[in-house]
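What follows is a single structure, and I will ask about it in a moment.
Labels run A, B and C following the written order; every chain starts at residue 1.
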Amino acid sequence: MNWELIFLFISPVLCSLPIAFFWVKEPGSERARKLPLLSVFGLFISFVIAIHILLKYPDGTYTIPWLPEYNINFVFIFDYLSKYMGALTAFIAFMIGIYGLEYMKHDYRLGWYWFFFNMFTASMLLVVYSDNLLMLLIGWEGLGLASWGLIGHWFRDDDELAYVGIIGRKIGPLKMYWPPSYGGWRAISTIRVGDMPMFFAVAAIYALTGNLNISQIHWGMLFSKIGAAGTVFLMLCFLMGPFTKSAQLPFSEWLMTAMTGPTTVSALLHSATMVAAGTYLFIRMSWYIHPWALHSVPGVAVLYFFVMLLGLISAFYGALVAIGCLERKVLLAASTMSSLGLMFGCAAASYWFGKLALVIAFWYLLTHAFAKATLFLVAGHLIHATHTRFCCGDLSLAKKMKTGLVATIIATVALGGLPPLTAYWVKAGMDGVMHHLVEMVGSTPLYLLILTSLLYSAFLAKFLSLNFWKGCKCSSLHLHEERLMPFAYACVVSMVFLLLYKILSGTDPLVEKHLLEFGLEKDSLMVGLGVTATYLFALVVPRISVLSPIGTFLGDRMYLPALNDFIVPSIGWAISKLIEYTHKAIDWFCHFGLPDFMLSISRRIRSIQVGYLRVYMKIALAFVMLTIFVSMMGWL
Amino acid sequence: MILEFLLIPLIVTFLAPLMRPKLSTVVSAISFLIPFFYVIYGLAENIVVKQHVISLVKPIGEFYILGDQISFSFALAICLVSAMVALYSLPYMAHRFDEMGREFESEYRKYIFFYDLYATSMLWLVFSGNFIMLYIFLEISLLASFLLIYMYGYGDRRKVATLYFIWTHIAGMLALIGFLLVASNNGSLAFNSIAKIGFTAWLLIFLGMIVKLPGLGPHVWLPWAHAEAPTPVSALLSPLTVGLGAYVILRAYLISPWFIKKYMMPIFIYGVISSVYAGFMVFRQNDYKRLLAFSTISQMGYCLIAFCLGTYGIMAVIIQYISHAFGKAILFMTAGGIIANYHGLRDITKMGGMHEYVPTISNAALIGFMNLGGILTVGMFGEFFILKGLVDTFGFDISTILAVVFVFIISGLYSFYTFKRIYCGKPAGYEKVKVNRLLDTPLFVIGVISILFIFPPLANILLNAVKTGVIKAAILTIGGVAP
Amino acid sequence: MMVLLLSALVSLILIVFGAVCSLKDLRLSLAASILALIIVLVSSITTQLFPYVLLVVAIGILTVFSMSIRENQISGVDYSLVALIALITAYIAYTNDISFILAAFVIASVPTYALVFVSTDGAKPHVDVALKYIVFMVLATVLFIIGTLFLAYSNSSGNTMLYTLGFVMLILGLGMEVGCAPMHEWVPDVFSAADPLPLSVVASITKIVPFVAAYKIILLTALPQLSKLTIFVAFIAVISMFTGNIGALTAKETGRILAYSTVANMGYVIATLAIVTSKNYLYLAFAGALLQLIVNAFGKASFFASIKTNGCSRPLMYLLALSFIGLPPLMGFWSKFFILTSLVGAGLIWLAFLLIVNSAISIPYYLRIARNLAGETFPGKVTAIALISSVAMLITVLPPNWFVSLAKAFFGGV
């Protein structure tokens, strides 16, 4: 068990080391181009182990000593969440790995790519399986670092395909286009802002409880101990990590420009790793915090209400942005943000609704992961074929990319929440949850959810329509004999049906028949019908030219980039300028002012050396007389 | 036992100039690696040794070698970095002598002597059991580093060297008066026979070490000295030497912690301001080495902050020293790598996309910046301990928490911002070169070790020893008579 | 004691013999001078003060050698004069008799009057410079002697006013003799204008006797009044340190820099006189003062000799300069260290603080001296002198416990 667990994390990293080293030595050589196979093999090992864990491991924790003196150990947890999530991560990563073999074939920096790709996967697995918060943080930091590496993978900024936004477009002082190196910087800078408070919260939890195992900490006691304000502060600090990683408002910008990375990275980033890590962590924490049992503890209610509201507002914002986007990947990125918001919202409702809300949020996470990975992989394939980042393509393209078309249709329908496919049941669950909340917190969450769902299906349909049906005609098509790429997304999308089967059959121990019951309620059906209607409408009318100014506004993310690119940097530069002047003043004083002053005194001291004995004797004798006089007068 | 290990580098210091450059480099590196392994062994076994050297007249007391977990932890960083930088020196100084138009072999003999002397004196410093002994090694290290800057520095090297000399000499002398006050009150300066450090003495020691560390205000010497020193010297100066200021304060703290405890709040605020100040300065630098120098000031602010945070804070000081040493050594060597390969290229505005030309150095720089940001390297524990100590000391005091978190964020931000400026973006149009193996391999050795230190068994060895050392010292006040 | 007396006599005879021989053969007079010093050394081999004598003899021989670099008007006699100074410097350690101390004071200073005149390579004697020097020396001697007499008299009579007057005059005389500010006006002129070779004597070994004499006299005649007077000494010390160090910053000729450096060094040394009343730290203070004087003697002798040859071996010059700055483990560190320890121990922290400020100010000009004088290494007398001085600076790599016990032995009977 020991070795199996260690290999789960280490094999992807170890297997990617050969290419990482070899590429530095002989970049682009034939031999080096074969080594990615080894990296994918490392992912495969992880996949096999994750499946083994899913099927065979008993629930519970498993400890490998790390810092026993500090009561900090590698504690792995195997429960409902981690087993599913681990298998999901490993599977999607492995599939995207296969896809990447073909997609990244001619890249100029394969060593970097595969090392960080595999590290990305390993980090996510570490986050998924860890019960110990410090160990989780290792994975968490690994995610941040790897995402930075991968988003900025095409560091030369010389490929138009790698940019986000229309190159050269400006709004006021804002440049509305982002090269990869800038995308990477935006990602890591945002994430650092979130990680540090989270790091603090982990340390504070350790300081207060002496324990870092999520499942063992007595959260209720901890919260009672630090009071309402303390609870809210501590948990908000903690959640800064998930919020930034999962791109909730106002930290969403990095996610949009994360599209500067290779599409494989976007696919992985948006489905099973990184952004999912935030929501996953929130669900995992809530799973053991038992918020529904903490109604007597002050502060928890405020916290969960805040998270729910933030999640739903982000979801709504994300959906609006996606409506206005015309870039394939950015559209999908905004939709991811929207989904993550829904997950947060639903998971936070567990305070009122109980554990089932967490299960529903988690199932939405699973559904979303498969569907979104598929859409990204197809989008990558489309970019390869059409050589443009923007939505375009018509029926002639659809004919040539049948697998892609089918996969997209399945993924959009399944994810959009059209009955009776997977997401419909999950979203029906969400509707149920929010409906239940109307009595307690008002109907705003419910309305937000429904609005978001409607928009969501609309832009998914738009994506489908603009790329395969009603989009402009592509000038040139570069379809090669790709096999691995269609294979990979076909595999991924098929998983949606597996989930559907699980829901419908009611074999899942926690979901049981609940989702079915929710889905068969009248209200849910109404929403489902509405969603279907908007989907069909958007499919037929993907663009409304009258509304294009609004679309542009939305597509520009309501000018939120100003926060990252203008407001915060301006403040920073102003402060640093001020500090620089202070520094220059101190520096001048110490290294020029003071020495010059000394030198002028020195010259004065030397000025008495006139060379005449007469003068010297006068000075010396005057001093002698003076001292003798003073000694006679003063000291007696 | 310990004396023999410490004597190895000392003897090599005097033998190395007699050998040919290649041999002397290798021998020097090995002479630091041997104590390195001994240090790890010492940490693992929780060894505490005391070995008498010489007894001096009354107010000075006994000179002895004190090897406890704290010494070993500091020595760990010193040995490793010194060994690796020694290897790195060979190609770098060849380039430097070439640039200065000097004859390689004879200059290298001088260089390696002073280099070894410098590193050895720092190693001995952390094993000193007497403040005067400590002071002597402090000044020897100053002397050697001064001469290295004076002889081989960049820019107006004589002026910069003199400036460096004056500042650090004042620092040392201030501390010396503090020590002497302690001596006149306690009749001895051996750690194990000092009962209390009085106010004036503490103040002087603290002020002196603030200059050395450096805190805001007296920090102005550091950007000059660290930027203009020959890079291998910068790679010892910045990672190892300035941090020794923290070591001295640490020793004084362990003997008589009242000063820092009493003035906790001002010191804390001062540390935060220093760190933030320098952090913001980093963004505005266009000289790679000067930039790193400011980052050093920022990182040393961590140490000042950590001093105020109780037992875990003290542990954080030690870890922070190690992690900063690793990180900054790597980074200075990357700066040097670019200098050596591109004829003195230091201006960041002329760089961009350097990953294209020197991928290995770029990758090493990434590890270096990870160390600074405490990402996936031993620095992670340093930050963790600081934060834990923060809660232990101040509880949920929002302003202090936000201040520290902000300090950490700034470090992370300037690290990656700098990385982006130098290594990413449109390639600046240079020729791709073949990097000498000694110009990049040592960096990776340090980098890998810094990463290995978050996993067992190394993490275990280090953190257990640090905990034992600090807690034992806090209870017994190891250097010092039990109250 | 008999052995000492006897050997002193033999040495004196040898010295005179050497002076006479100079008419015949310079080498003979050189040999006689050195032999005389060696006899002094051998005679003290069993005494506790042997290390002191050894150092003094070493400095003596060095200065004799430095005089022999070039011939001058009184070549041969000058060796004897230098040897005489060294001899007196060595023997003053053994006496506690005030009259003998005064005699030693005079004997150690008078030969320098002649030395300052000389010039080498057939140049004219430096009359103008010598005049300045002699006038100051005479005045200093007078003040010193009168001060001593007052002290001695008031010690037996208990007249505190007279004691104060005597003390002040003694310190003024001492200050003028060695060149403390603000009576230092002669120093820069003489040091930059006279011939460097005799200066290597005047600036080095002759500084020791006045201080030892002052120490002994003050201790022998101490009254309770003394503790109030030390502030005056501290005052002189501070002025001297600052004047010397700051003055040296902009001085151009190396000789002039060295002159100001002397003023500063004398300030450090005289600072120790401020703590003669502190029983516990007196020995350390004296050890510091003596060691500082020895460092000064070795360093100045080498520097002036090097000025004569326009430079000397680079490493040696830097080593000596660094020793002056006070870096461990060089001897210059230990002297400052002892001084600081005693100052701090006696409670004069402010003075210690000013001392380190000065030590920092001094860094640039010592480096400038070293740079000015640094040259290629060539075999020769100058290099030998610098080498021996450098070796002397390095004998304290192991902490010099022995020097503190030496300082104790100095005052065995006082």
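Keep this in mind: a contact is a pair of C-beta atoms (placed from the backbone, for glycine too) under 8 Å apart; a residue touches a chain by one contact, two chains touch by 3 or more.
Given the structure is predicted, the values throughout are model-derived calculations rather than measurements.
When the interfaces A-B and A-C are ranked by C-beta pairs in contact, the top one is A-B.
Averaging the CA coordinates per chain and comparing them to the mean over all protein CA atoms picks out B as nearest.
The centroid of the Cα atoms in subunit B and the matching centroid in subunit C are 42 Å apart. If you average the CA atoms of subunit A and of subunit B, the two centres end up 35 Å from each other. In this assembly, the C-alpha centroid of subunit A lies 75 Å from the C-alpha centroid of subunit C.
Across the complex, subunit B meets subunit C through its residues 54-57, 59-60, 63, 132, 135-136, 139-140, 142-143, 147, 150, 158, 162, 165-166, 169-170, 173-174, 176-177, 180-181, 183-184, 200. The part of subunit B that touches subunit A in the complex is made up of residues 163, 217, 220-221, 224, 277, 280-281, 283-284, 353, 355-356, 359-360, 363, 370, 373, 375-376, 380, 383-385, 387-388, 390-392, 396, 398, 401, 404-405, 408-409, 412-413, 416-417, 420, 423-427, 454-456, 459-460, 463-464, 467.
Those residues of subunit A lying in contact with subunit C across their complex are 598-599, 601-603, 605-606, 608-609, 611, 613, 615-617, 619-621, 623-624, 627-628, 631-632, 635-636. Taken together, the subunit A residues at the contact with subunit B in this complex read 24, 27, 65-70, 134, 137-138, 141-142, 144-145, 148, 152, 155-158, 179-182, 184-185, 188-189, 192-193, 195-197, 199-200, 202-204, 206-208, 226, 229-230, 233-234, 237, 572-573, 575-577, 579-580, 582-583, 586-587, 590-591.
Residues of subunit C that touch subunit A in their complex: 131-132, 135-136, 139, 143, 160-161, 164-165, 168-169, 172, 176, 182-183, 185-186, 188-189, 228-229, 232, 243, 246-251, 361.
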